[in-house]
Each structure stands twice: as structure tokens, then as C-alpha cells.
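Shared between the two complexes below is chain A, which pairs with chain B and chain C, respectively.
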Partner chain A sequence: MVENRRLLDILGHVLMLFAVALVVFPVWVAFVASTQDPAALMSGTVPLLPGDRLIQNYSEMLGTGMASAGAPPILLMLGNSLIMAVGIAVGKIVISLLAAYAIVYFRFPFRTLIFWTIFITLMLPVEVRILPTYDVVASLGMLDNYSGLILPVIASATATFLFRQFFMTVPEELCEAARIDGAGPLKFFWDILLPLSRTNIAALFVILFIYGWNQYLWPLIVTTSENLYTIVMGIQRLVTVADAEPHWNLVMATTVMAMLPPILIIVLMQRLFVQGLVETEK
Partner chain B sequence: MAGITIDGVRKVYPNGFQAIEDLSLNIPDGELVVLVGPSGCGKSTLLRMIAGLETISDGDISIGGRIVNRLEPGERDIAMVFQNYALYPHMTIFDNLAYGLRNRKTPKAEIKQRVEEAVQMLGIAHLLDRKPRQMSGGQRQRVAMGRAIVREPSVFLFDEPLSNLDAKLRVQMRVEIKRLQRQLKTTSVYVTHDQLEAMTLADTLVVMNAGRIEQAGTPMELYSNPATVFVATFIGSPAMNMLPGIVADGFFRVEGDAAGIQPMSLRGVANGPVILGVRPEHLQVGPAIGAGLSGRLHVISSEPIGAETLVYCEGPGSDPLILRAAGEATHRPGDMVDVFAPADRLHLFDTETGEAKPRLTAVQTVMATGPQPVT
Partner chain C sequence: MQTKRVTFRHVWLPYLLCLPQLAVTLIFFIWPAGEAIVESFYQTNAFGTSLRFVGLANFQRLFSDPSYYASIRVSVIFALATSALAMTLSLLFAAVADRIVRGTNAYRTFLIWPYAVAPAVAGVLWMFLFNPSIGIAAYALEMVGIDFNATISPNSAMALIIVAAAWKQISYNFLFFLAGLQAIPNSVYEAAAIDGAGPVKRFFTIVLPLLSPTTFFLLVVNMVYAFFDTFAVVHATTQGGPGQATSILVYKVWKDGFVGLDLGGSAAQSVVLMAMVAALTVIQFRYIERRVEY
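Let's look at the complex of A and B:
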């Protein structure tokens, strides 16, 4: 029996290691490629060990970008992506918190209807809405600026739905106790509901930040100025460079840097929401 | 400090259900009123209307002479203790207690002082930095009490505050609540369906049934002179024995098979059906002494519970007749016992309305000399 268990243990670990390797491998290849000189990647075989051009490749992309491919410096694009992603994540959270608060805690006519209307928009894929949205944004004069990048995607049925579900699990007595303690609707929201939603907000922020960071289609459509290019668009531009082999080493350097902020966000926020999950309070 | 006046109050829920119908009650300043009644009778509804958590469909509620119908809970100068305590989970105990005061812009130093006084009073001073989840049920209960006390409101409202505690703690907290209420002299309304809690806490006990007040009075008044069959069976445990019967020719006879209960001479009561009630503790084992209800009953079972023994006897109807005997009593199933209840311990109720008739006096039930009725 004991022998058997050991064997199973080993087998399990091997399996898990394999799975991890499978996930990590492409990332490793990207990293390795970003440290090579262009020639090393043309030969057809992909090297598996880092080369010697790490600093050179990265500083080149960060500082000057690649004018031949029409890509501004990466630092600029990273900045744009950051503004867009944070804007989208924060905006979605604020709006859906307020919407969910209204739907759960206030009695008004057509309350259920309104909720279901919001819910139904979940069923519409972004692509379906994109032309009318573009039209609206264009006529509001929001093309080619940050508000055009952020505002049209700021409403979130998913987040509204999640907050609604969470608010409905908060015992009604808490709201009543707060009312008796003389807290009005805004005070209750700010002092009690918001702190209780901390964990949910942190988790959603991570998800929505990555969602915002990875936006591709929408920024592509509403921006024409290079100053507003986001990093994901930039990668695409580097790859589709006309009449030449893409500089894979530089593309990969860009990709690796594009990955870093979301990873950073996950690592930072994870502490918050794991801690939150452990001390379940309600 | 303020009394509460409830005047012709009705509550109709949005779905059309009438939870309270035309209810009036006056609660004098400083008194502790306990609302009891079966589940769903509208106790919480009434309490929540006083608190301002439910709208009032009709009638007026005033606190300290001020009509509060349209005031927010926070403006009514009340504090409420909830069954599940409803402490703010993310706040420390200090903040939980201070929250209401802060919302009222009480100066910091005063908040600190009041919170400290309250936690001293409740013996939770060492817990001030904890969060609710780091405390036991009993401690949370105290914090919930504390949150009510620091506010120094003119009315305390309690909705089954002790029902989540174990039996021993419940007794302890009950005594504590009584002590605090006596000390603070704050008008209080307390909802429970624990009889013992109701009897021991109440200055005035209000028995509710189906959205109405059945009877209000001191606990002993309700126990000794229940106004209806409902109150009679609701107050007291085990419940009062009820014997439906008929008054005719100056005698009371139980309906159907008498099961050994003697007809009882009864004068001054109109002929017709009545219900005779007698509490288990007033049904004594032994021969008839003077006027009253007597009989010879068949013992079904007996439950010794220490200080007393509950003896279940075969009754006229389907329910057994229960009597309280001394702790050492040794009645076995199958035994026959002579039982007797003196006339002044008997209750008569109208069969139709369930309302109590005037209490009997010994004179009414003294056996007329002459031939005994044949049973």
C-alpha cells in the first residue's frame, strides 16, 4: 500500500510538472527569442538558451521603437495601454458597483426589467455593437483620444451582475442596522457595502485590467495617431511589417514587456484578494 | 426617555397580505414590553414599524409624543438589537459601537467615553480591537447590546435577540438585559417566542395572534386571568387543559365520554356549551376538598423531571389531561388517580368566541344538597 502511494505521488508530480512545462514553454521561448540577434532566429531552429542581446534589444525597443514598422517607442505604448486598462477597469467597477447598488437596494419602477435589460446585453458580442458605437463616438468627437478609448467600453453587464449577486448575499439586517445608526444611502454604501466588497473588487480589477490591457479591435478602430497606439496594437504592427521578415527578436522583446504589467497586477492584487477570501466576513 | 403610543396601526404588505390589523397599544415611559405569539403573528412586523424599517399602512405611531410615521429610522431616536446581531463585519468592536455616534457628529472624546462606559457595563472591554468574526456568539450578542446602549436612545427594540444562544447563555443574557433595562430605565419593546423569557422580562406582556393583540397585562395577570382560550393555552407550560363541555340544569358535564370526570355543580352560568380550563399545576392528586372539579383518571404515562413529575392521564377528548405532581410522585401507567381542582382555579370560556367568562367562585360550585346526578 505505502509503496503504491509513493508511486502515485511521483506519477502525480510528474504529470503536474509536465502540465506546468507545457504552459511555461511558449513564454520561455518568447523570452529566449527576445535575447537573440536577428540572424539567430532566421536559421529555422529556435534556440532554447538565452542569447547575449538582452539589454540591447530591450533598450532599443523601449527608447526608439521601430520606425520602419511604424511603431512608436514601447514606453509610450505601454503608457497608453496602462492608462486605457486602468481607466477601463476602474470605470467598469465604479459604474457596475453603482448600478448594482441601485438595483439591489432601491425600489423603483421597472427595477427588474432594467436589470434584465442590462443582463441581456451580455449576450451581444462586442463586434455586433462596434459599428454603432463607433458612430456615436465619432459624432461626439472622441476619436483619437483617451476618452474614446475608454468610455465606450466602460459599462459592464458582467460586473454589474456579479456585484448584484454579491450584494444579495449581504444580510439585509446590515442595511437596517446602518439605517438605525443614522447612515443614509450614500454613507451605507461607502462605509459598509464598499469595504465588504473589497475582495470582489480586487478580483474583478485583475480580470478587468487584463481585459482592458488586451483590447485590440477597439483601439485599432478609434485611434489613428501614433501617440495613442497601445502595446497590443504595437505588437501587431511589428509583425505585419511590409515586405520584410519581422524582427522576431524585437517583437518578442515587446511581447515580454507587454506581459509584465498584467503579471505585476496579479501579483500585487493577489495578496489582497487571497487575504480577503481567507477571512470570509459577512 | 419616552413612551410609545401605537394608535390604530395597520400593516398591509405590498403583496396584499395584512400582517397587522387595527392595533393600538400604549407603552409607558421606561417600561419593558414583551411581544409574544406564534410564528407569523406579526410581532416582528410591529417592531419594525416602530423602528421605521417598515412603512405604516394606516394609523399613527408616536414616540415621546412625536408622531414618527414619516421619520427615517435614524431620526426616531431608537436602537435595535437584531436576532443575528447584524454587526458590521469589517469594523472593530470599537468602530461598531462608535458608528452611530459618529454619524450623529458626536465629539470624539465623548464617543470614546461612551463606548468605554458601555463595554464596561457589558464586560467586553478587552475585546474592543477585535472584529466580530473573532468572537463567540455570546460576545457578539453583548456587542449588539452595546451598540444599542452607547446611543442612549429613548427606545430599545429587541427582535428575538437571544434565540441564537445556547440555553445557559440565554438565561444569563436574559438576566443581564433585565438588569440593564432596570438600570437605564429605557422604554423597551422585546419580541420573543420563548415563554420563559417573556414571563421573566416583561413589565407588560402582550400576546399577539394573527395580527391582533389577544391580551396585554402583567405576566401574572395573563397567567391568572387569560382573556381568551388562545392566551390560556399560549401562556404556561405545559399548556392549560381544556375540557369542552355543556352547562345544563345547574351542572357542568364534559362532552362525550367523561373519562372519569365528575359532573360539577355550576350555578349562575347560562345553559349551553362552554370550555372549562384548568392548569396542570392546579389539578392536584387527592380527594376533593371543598368545591371544584373532581374525577378519577387513568394514568397513561408519567414524566419525572426532577422538581416535579408530569402525569399524563386519559382525558375526555383525544388530548391527555396533564397534571403536575410532586417530584417524588410515583404514578405508573395503568394506575387510577383521584384528581381535584378547586373552583377558584378553574377557567370558563365561551365555546364560540373563545372569550373568558367571569371567574368562578366557590359558592357557584358548591354541590346542592339533594340527589346527585347520575352519570
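Let's look at the complex of A and C:
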């Protein structure tokens, strides 16, 4: 800081508190609403302090869900979201590590072509080629199962670039030394490169877990069975009930449960998260 | 392209290592993209039983359809407003956070929350706040004489998805602006202060120009986000309505394909969208490397 201006400091903190309020308020209101009984949310404005139905609302949604709106129990949807998020994160990391390793540590015909093929995936987000991708997945018989939820989204140019970038910074001497000691390519990868990449992998995992958890369009179109609903797309079922106000207290209980795991991860692993975020965009 | 000076020699291993990534890319990215291009030249009959080659007819139909232009207009307004709102707010917050000495980390912990919130969930949170009968934000607006109802008024619906989409993007922009600000050396500020420039003047004449690479990068990222990653915000809240008021391009391509079952029309839209993403990606990679610097 250049000069000391007390007034400006106070103004700064006021502004930051406003920023925090802007971020936290919607989440707080959702939490408060999720603890009310339905009558409190029928008219007037939402109360700003929690009600007394915390346990009742949550246990109802966790265990039985809302059959009238065609929504399965939250516990089931949370489980599906977890499987999908972990599957996507691990899948992306594994196949990107392998591809980046081949591209950096080997010289072989078509290497550049392969690199650019992977690069092109950046230009083809699922939103813009939605119908044909659905056709492909349907013709492979992957609708309504976990492989259909996970596999089609695990190609990752960004993860491949990140690992390529990182491998380029690994000193040449390490590889020379390993080769002199008689290590083959797989042994070098497993015993030296992987341990060195640990922080990068962890940082990337945080980012990709959130990416996977928050998937919406893809689960929406490849699942028709309620047993495969993920929580983020399941909420929409509860909100868009035909011709009626949704049961806001139960909807908000579901939203809170949908937000909780990724928010916890981001807050608890803040350092890794920031590192992962900044590095994937380099 | 660079490799290591020391490399391994192996005939088939590198191909095997690339195989999983390549297989997924070819099957789930390149193949559908190719199919979209092919389908955009065909038309199905009313029963979906036969395909007929129609040349550019799907594109002609698309570009003579007023609702497509309406959708482009809606998307552009939405993308510009979302980027402007998210970037202005986060730049303001980052500039303040960079200035104050104590508590930056605590503030940061809170400000990164929205990144973790799914776009669909962000949409539902704000829809609840703006609910005309019980929402707090809607109530506050009513106090100052604004009637906010996203199910009836097109402007309200647009405002709702802009606020929800921008809210979610604040964390990301904030972190990058903060990193950019912290990279500016202190001596520059000090020199300016000695020459008599106050905090506001320093911000506009020093910080903003030095921050332009970050700003440009974030502008592209925010535009890509607003154009292509916001399907969930629209689908979970306004469903494109009222009327077509919030039917952004990625929503329309889904709706025409899955609800309207217009295979050729949806494919033609996909091709247009792919061209748009390709252009944005090229801009991002060509110009961000070069950096906009003064």
C-alpha cells in the first residue's frame, strides 16, 4: 500500500462486506427456506432466520424424495452425482496423463496430428453438437447407464495441455539418469513422473470434480430412468412442476444438498483449487 | 512441436498411450461433429423415416427465420450484459481486496463460493429470490416501484438469467483479476503517488492499462461462458420464455432438436455454433499469447 488513508480503508472493508453479502446472501436464503414449514413460504416474504423443520425437511428429502414431482430420494441422486463427478475427474486425468506423456517423451509419426486432434475438442463443447452426440451414444447402447454419463465427456484438451506443460519443465537429467540406470519408459513414468505430478494431479482433480458434479445438459438427455438422476439436474424436476408453485422448502433443501459438496471442497482445498484454476488456463 | 532432448524409443507404446484419449475424442467429439455437418445438408420427412439431400436449404431456412435472428439478438444481449456485469463487479472487488491489508484471505474464501455452485443451481437460487410472491429481491424491487415477474415480463426474465449467470462468474474473474493486480510491481504505484496521483487516478491511468492482458483474456472467457455454458441457467429457470425472450442459441439448438425434432434445422444450428466456438478459440489462443500491452 502506498499511502495510509483511514477513510479509504474503511470504505474498502465496507465494499468487501458488500461483496461477501452478495455471494453469501442467496445461499443463506436458500438454507433458511429449507428449514421452514410449507406454510411460511406460501405468502409474504421468506423469513431471514432458520425455522424449526431442518431435520424433518432434510430427512424427508434424503430418504423418500418427492414422488409427486417424479424426483427420487436425494441420497440416491447424491450417490449418482458422486459417481459421475469422480468418474469424470479420474477419467480425464488418467487419459490426459497418458497422452501427454506420449507426446512429450516419444518421437513418433503422426505425433503432431494427434496433438491437434486432441486440441480440436476445445472447439466442440457438448452444447453445440448435442443431437448427433446423443445419436452416437444411443447407437452404442450407452443411454441410461453410468458409462453413458461419464465416458462421452472425459476427453480433455486442457488437462492434456496442463500435463504437457508440466512435463516440459521436468529436468532432462531425471530422464537421462533413469535411462542409464536401465529404467524403461513405463517404469520412468510410474516411479518418477507420476510422483512429481502429484500436486498438479490434486489441483486438477479439484477443478474437474466440480466440473463433473455440475454437469447438467448431458445427464439431462442421456438419462430417462430416475435411478440415474444426478442432483443438479434433479432440482429442475422439482422446480418446474406443472401449473403449481413448487414446494420451495423442499426444493431449497435439495439445492443446499447440491451445493454443499462442491462448496466444501473448494473452501477446504482453497490453495489447490486456486492453483488448479490458474494453471488450467495457461 | 517441442519434445524432450532425451526421449524413449518404442514402436507401439506411444500409440497405445494416446489411444484412450484419441478413442474418446474420435467417437464422442469428431464423429458427432461430422454427423452434424452431414445432417445439416439433409432433411427428414414428417415421420422421421427417410432422409433427403437438400443442399443448403437448412441454412437458407435458418437464416430466413426471424426467430433465429431473435435468438442471436437475445444471446448477444445476454452475453454482453453478463460479461460486463460480472467483470465490472469482480474488478471492483479485486481492486479493493488488493488494496486492503488485513482480511484479504477471509474475503477470498467467501468470494470463491459461487464457482462451486452449478449454473442450474445458481439459476434456481436467484429465481427464488426474484419469485414475485415470496422472493426477497422481488419484494425489495416492489418497494421502489419495480414490478418484477420473470414468468410474464421479458425484461424481468432476461434480468434474472443475467444476474444468475454473472453471479456465478464473479469468483473466476475475481481470482484472475486479483492475480493480475498482485503482479503489478509496487514501485509503479509509489512513483505515481510521489508524482501526486491519488488512488482513483492511479487506478485508471496505471492499473487498468497494465491489467489489459488479464481483462482481454477474461473477456473472451466470459463471452465463451455466456454463449455456450449457460444452457442450464435458462433451462432450469425461464425455459426460454416468456415467449422467446430468453431463448439463447444453445437453448434453441436443444429445443429445436429434442422438442421440435427438427433434425436438419438443429444440425444447421450446430454447424453455425461450432464455427463460432472455433473462432473464439482461435482468438483466445492467437491473441492471448501475444498479450495486449502498452
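Couple of notes before you dig in:
Please note the rule applied: the second predicted complex is superposed on the first by the 252 of 282 C-alpha atoms of A that agree within 3 Å, B and C clash if a C-alpha of one lies under 4 Å from a C-alpha of the other, contacts with A are read in each partner's own complex, and residues count from 1 in each chain.
The criterion applied here is as follows: a contact is a pair of C-beta atoms (placed from the backbone, for glycine too) under 8 Å apart; a residue touches a chain by one contact, two chains touch by 3 or more.
All figures in this text were calculated on a predicted structure; none of them were measured in a lab.
After superposition on chain A, the partners chain B and chain C are accommodated together without colliding. Centred on chain A, the angle reaching out to chain B and chain C in the chain A superposition, using CA centres, is 90 degrees in steps of 10. Of the two partner chains, chain C is the only one that A:L217 touches; chain B does not reach it. By the touch criterion stated above, A:T117 is placed in contact with chain C alone, chain B being left untouched. Once the two complexes are laid over each other on the shared chain, residue contacts for A:E176 go to chain B and to chain C alike.
Shared-chain residue A:P132: touches chain C; no touch with chain B.
By the touch criterion stated above, A:L7 is placed in contact with neither chain B nor chain C. Touch criterion not met for A:L268: it reaches neither chain B nor chain C.
Set against each other, chain B and chain C touch different numbers of residues in chain A, with C touching more.
Superposition on chain A leaves chain B and chain C with their closest Cα atoms 6 Å from each other.
In the superposition on the C-alpha atoms of chain A, the part of chain A touched by chain B in one complex and by chain C in the other spans residues 176, 179, 184, 281. Those residues of chain C whose C-beta lies close enough to touch chain A in the complex are 1-10, 13-15, 17-18, 20-22, 24-33, 35-36, 39, 89, 92-93, 96-97, 99-101, 103, 107-122, 124-129, 131, 133-136, 139, 167, 170-172, 175-176, 179, 186, 189-190, 193, 199, 202, 217, 221, 228-229, 231-232, 235-237, 239, 250, 253-254, 257-258, 263, 266-267, 270, 273-274, 276-278, 281. Per the touch definition, chain A reaches chain C in the complex via residues 1-3, 5, 8-9, 12-13, 15-16, 19-20, 22-24, 26-27, 29-30, 33, 41-46, 48, 94-96, 98-99, 101-108, 111-112, 114-115, 117-118, 120-125, 127-137, 140, 151-156, 160, 167-168, 172, 175-176, 179, 184-186, 188, 210, 213-214, 216-217, 220-221, 232-233, 235-236, 239-240, 245, 248, 251-252, 255, 258-259, 262-263, 265-267, 270, 273-274, 277-278, 281.
Per the touch definition, chain B reaches chain A in the complex via residues 51-53, 72-75, 78-80, 82, 84, 86-90, 99-100, 103-104, 131-133, 147, 151. Those residues of chain A whose C-beta lies close enough to touch chain B in the complex are 171, 173-174, 176-184, 187, 191-192, 195-196, 198, 279-282.
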